[in-house]
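What follows is a set of structures for review.
Look for chain A in each of the two complexes below; its partner is chain B in the first and chain C in the second.
== the complex of A and B ==
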């Protein structure tokens, strides 16, 4: 998410005192309903969870015992959690890069004078609105060994490429990543299309008159002006893919073996299948740290990039 | 089907210089570009072709060839899915949970953002940042404690638990959108009303809230889609109960029908019809909402 909020404006001038007194009359009381919901659902459970991550808590009846960093030691040595950690990072990085490029390419293509552009925009964006559970099952069937994808590959003479897409541990993770990108590329496209609307045509005219070709205009006029859209698209995809649960859980359940396990899926299974609440919240805490680390990294990287431009 | 328009006020694309816009003849490169894009679209839409055809096939046809068109499009799969999956109940549940959550979310979120946008104090800004933090924190960290809390309050398997959760979960997005809009909104009207002696709540209800209509539209669209599609928490709270929402019902359905893909696809088709209808009716607003770049 883009945390580009600016601090509240402090308007100066002679009116300040008068306005202050009026502004102060919006009572904090109106905040109460929202704060209650937010504290009950997010703040309080999150703080509790951060505490439970250091215990061996296993349910209501048992008193949680403090175990220090044991949960984290286990996390970094247990095969399921280690695999999940690696997969989560692989999914996040590859999805973010590929989806951003695909979304950008679609946006550039559909921002042109193509006759079919409006229809295609509608089509490409549609999967992003559908429930991830349904997208997961749809692709689970498409990717079965005797299913439509292998059939279609055979029909166009590419039968040699046929795979057991979700059942073979060497391609399963790539298949999952492909499904996620298919579902959300339209969202990135829509963000970039909005960004392209903000590129003044005059700049392109000027660049053309200066003798800039198509590629040069893209590189030096369009792309720099798409930086805000890129920021939004990157952070959205990154945070979303780090938390990935639905599609993986319904398509593979983390398998075969641990091939497609993600932190969210392992966390869910440890909590609600094995009943290991302490350990599962430790996994969630690591996930939280990763999300914050990526967010910080991205913020810093983009700042530097913006300065260079 | 009306067309998607993501544009604001500018009449035509910025990437295309006006020189080219002027002559929109069917030149060879242009035909090539059109065909190329249609080819990309055909590959992209392949899953939808599968979705549609499988749902109308008989089991024998499906076994023979997963790709062919159904020879005699039958509705048997749909009636079976509708009845055995109890999808009607699930749809009612989804409508109830989504609409009540969105209603309360809009009320709480707009009020909170009003305070946060109008209070220039450090406390106000700090609270605003606290809400924004919710856009990043994975819900997994609080998932177990909240589940326990809901259980201890005897709220599991009720609409209430889900509605409370969805409101709290979507509030950061709503507060972020409303506060951004409110900061850019002139204060003249509300100050005039206040001079006339109206109280804060009535100023908000009669003057401010109506002015928030555009952003309310965005909040409603984004949060409604997020809530309607939500799976993990509904699975935990109402899974297996008569209160289960559509994604949870579909999940159960898949387990029950194992390899009867034609029935599963028919059920999933029923489940996405409401979303698709609303999408084609409101696509202009929906796409604009998502283009503002936020998804919970």
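== the complex of A and C ==
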């Protein structure tokens, strides 16, 4: 075999470089319309909206007055707003934890050879497909003092557990949280089912041969491999529950009193009921920061945990 | 250059130009520089065109009148409608952005960001003072339609707060329609003894709770002291200092503590409260007259199954007042007023006032001598004829936040988590904030 040196490339030169450069720029040019549209529809209004958070804009034509940090001071000092902030965090944390656990349990139960598993999966996932407003009206009816839930409790001899689910300030927030979990646990279940499909059966077989029991296989094989799914499920649930609005507004309007009011509900009322758009924008900005901070912390923590595992 | 290379270059140039062209169209279109041609839908007809943005009730009541107006004048009235809540949310933005209709539904007094008082002071509404129909404004309606001496709103109708009761339940309990507060409390006791809930209290959200406050305040506060709003505004009194305002909440507390209001009232929505009266589980419900058709629809007996009376608040039957709320239309100051003013003149004609009132089963907006087809409101008409009507208490508060505080903190008060002094103190704080 004879080895010969390759001749110098004849496709080099400035013309070729220019052509390559032009070809490389085509995708960016194709992106321009979408980027312009995004900037006009999303970025510009967002930045402008953030600016209104520092004004007393009441939706009028005249230029709003600059009020510095007054809107933020009011937000963190007004009892109603503080209560809404507390409710928002309670809903977010409790919903995230319980919904994830329920979704995981459902996924583990239905990732089996059960004959009716597809029917059950569909049933548990169906509420997640319904519009939140419909869910709100449905449960508002179910949870009234003379509603079907209390009737059902009475019919099975548990009438003592009947409550004024949405009208008693001591149980209303828990009722709302229960509805949110009922609606979205199926979505978490689907995420975990997808994760379970990715767990190689050989690992379970190997663990079984090593003498691992069901709990040990779950603890040391399944759950570590489900960490990416957990990251997704936790992130989606946390972000969704932090900006929760529809179900709360429909079921309780934030009441009784201020018992179930969330930051999103306060934001809506301040803007569209009271016409305080500047203050409402400040709430929106704070809510965005909270969502961003929680999501970032959660993602970083979980990613680090995934790597360690 | 080979043919392939030339084709390749041509293709790239075309893609680049198409991309830039698309970007330009999207950007300019979004900025409003490209005429989409949609304006062609606004066909004015020979008599001009008019746009209107009204609530759903007004839309229903105006429908036959618009048809008649278009036939009579050849004009076109293009109506959009939404629920009052949705309309209040959208109208503010429409006015600011210059896209509001010529004729718009506005709230009375200062009760929302799109109320006559608020928009009038901002110069958003056309002065209607020269219209002939302004002579037919009732006193309580005029007080809410005027800003700085200018009439800025036209009342298409008025609603009253009335106590609707189930006739059969009253008859079974041997109860007569009460005319004094003591008779009312005695009636509740008799109804309670007969095994029914005396008063349906669907206070979820607070809307039906506020009717109690306005109805009692009409007699206890405004009849005693018609200048109370001016005194509150001047800082000469406060809710907490005013004994009559304290009496309003004492009356409600008396009923609550006696167990005459529905159990679990804060969890009961409005429709279920009305249904409980229709089924006879409860005897009566305090509501606005515009909601009576809905109540009647829940009973096979229809309107005949129910009666109404004005809620007494003290022991003088002649002192009972009826809270009344006008439903307003106003003319957008940015619009060409000619067509809108012409349409309002048409609505103000006595036969059209009657048509609207009969269509909706409401009280006529203007103090015109009108015969109503329905006798549902007959029991309160003598009071209105005697001038014993009063505007809702919240209309002349500085903004809607005071009412919002009353609705939300009122629920805490009903729940026992807040005492009357605390509630009135919160109203005072919100009132002061609204004035600053």
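Just so we're on the same page, the second predicted complex is superposed on the first by the 279 of 309 C-alpha atoms of A that agree within 3 Å, B and C clash if a C-alpha of one lies under 4 Å from a C-alpha of the other, contacts with A are read in each partner's own complex, and residues count from 1 in each chain.
Definition applied: contacts are C-beta pairs under 8 Å (C-beta built on N, C-alpha and C of every residue); 3 or more make two chains touch, one makes a residue touch a chain.
Everything quoted here is computed from the prediction, not taken from an experiment.
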| item | value |
| --- | --- |
| First (chain B), second (chain C), both or neither touched by A:288 | first |
| Which superposed partner A:236 touches (first chain B, second chain C, both, neither) | first |
| Which of chain B and chain C A:73 touches, first, second, both or neither | neither |
| Partner chain in contact with A:216 - chain B first, chain C second, else both or neither | neither |
| Which superposed partner A:58 touches (first chain B, second chain C, both, neither) | second |
| Touching partner for A:272 - first (chain B), second (chain C), both, neither | both |
| Which superposed partner A:40 touches (first chain B, second chain C, both, neither) | both |
| Touched partner set for A:122, first chain B, second chain C, both or neither | first |
| Partner chain in contact with A:165 - chain B first, chain C second, else both or neither | second |
| Broader residue contact with chain A after superposition on the shared chain, chain B or chain C | B |
| Intersection of the chain A residues that touch chain B with those that touch chain C | 22-23, 26, 30, 33, 37, 40-41, 60, 141, 146, 272 |
| Residue numbers on chain B that touch chain A, as the complex places them | 1, 3-8, 10, 12-21, 24, 30, 33-34, 37-38, 40-41, 44-48, 50-51, 54, 65-67, 107-109, 111-112, 114-120, 123-125, 127-132, 134-146, 148-149, 151-152, 164-165, 167-169, 171-172, 175-176, 179-180, 183, 187, 191, 194, 200-201, 204, 225, 228-229, 231-232, 236, 246-247, 250-251, 254, 261, 264-265, 268, 271-272, 275-276, 279-280, 283, 286-288, 290-295 |
| Complex contacts: residues of chain A adjacent to chain C | 22-23, 26, 29-30, 32-33, 36-37, 40-41, 58-61, 80, 140-141, 143-146, 164-169, 252-258, 269, 272-275 |
| Of all residues in chain C, those that touch chain A in their complex | 12, 15-16, 19-20, 22-23, 26-27, 30, 88-89, 92-93, 96, 112-113, 118, 122, 204-206, 263-269, 272, 399-401, 404, 408-409, 411-412, 415, 417-418 |
| Residue ranges of chain A in contact with chain B within the complex | 1-3, 5, 7-10, 19, 22-28, 30-31, 33-35, 37-38, 40-46, 48-50, 52, 60, 108-116, 118-134, 137-139, 141-142, 146-148, 151-152, 155, 182, 187, 190-191, 193-194, 196-201, 203-205, 208, 218, 222, 229, 232-233, 236, 239-240, 242-243, 245-246, 249-250, 263-264, 267-268, 271-272, 277, 280-281, 283-285, 287-288, 291-292, 295 |
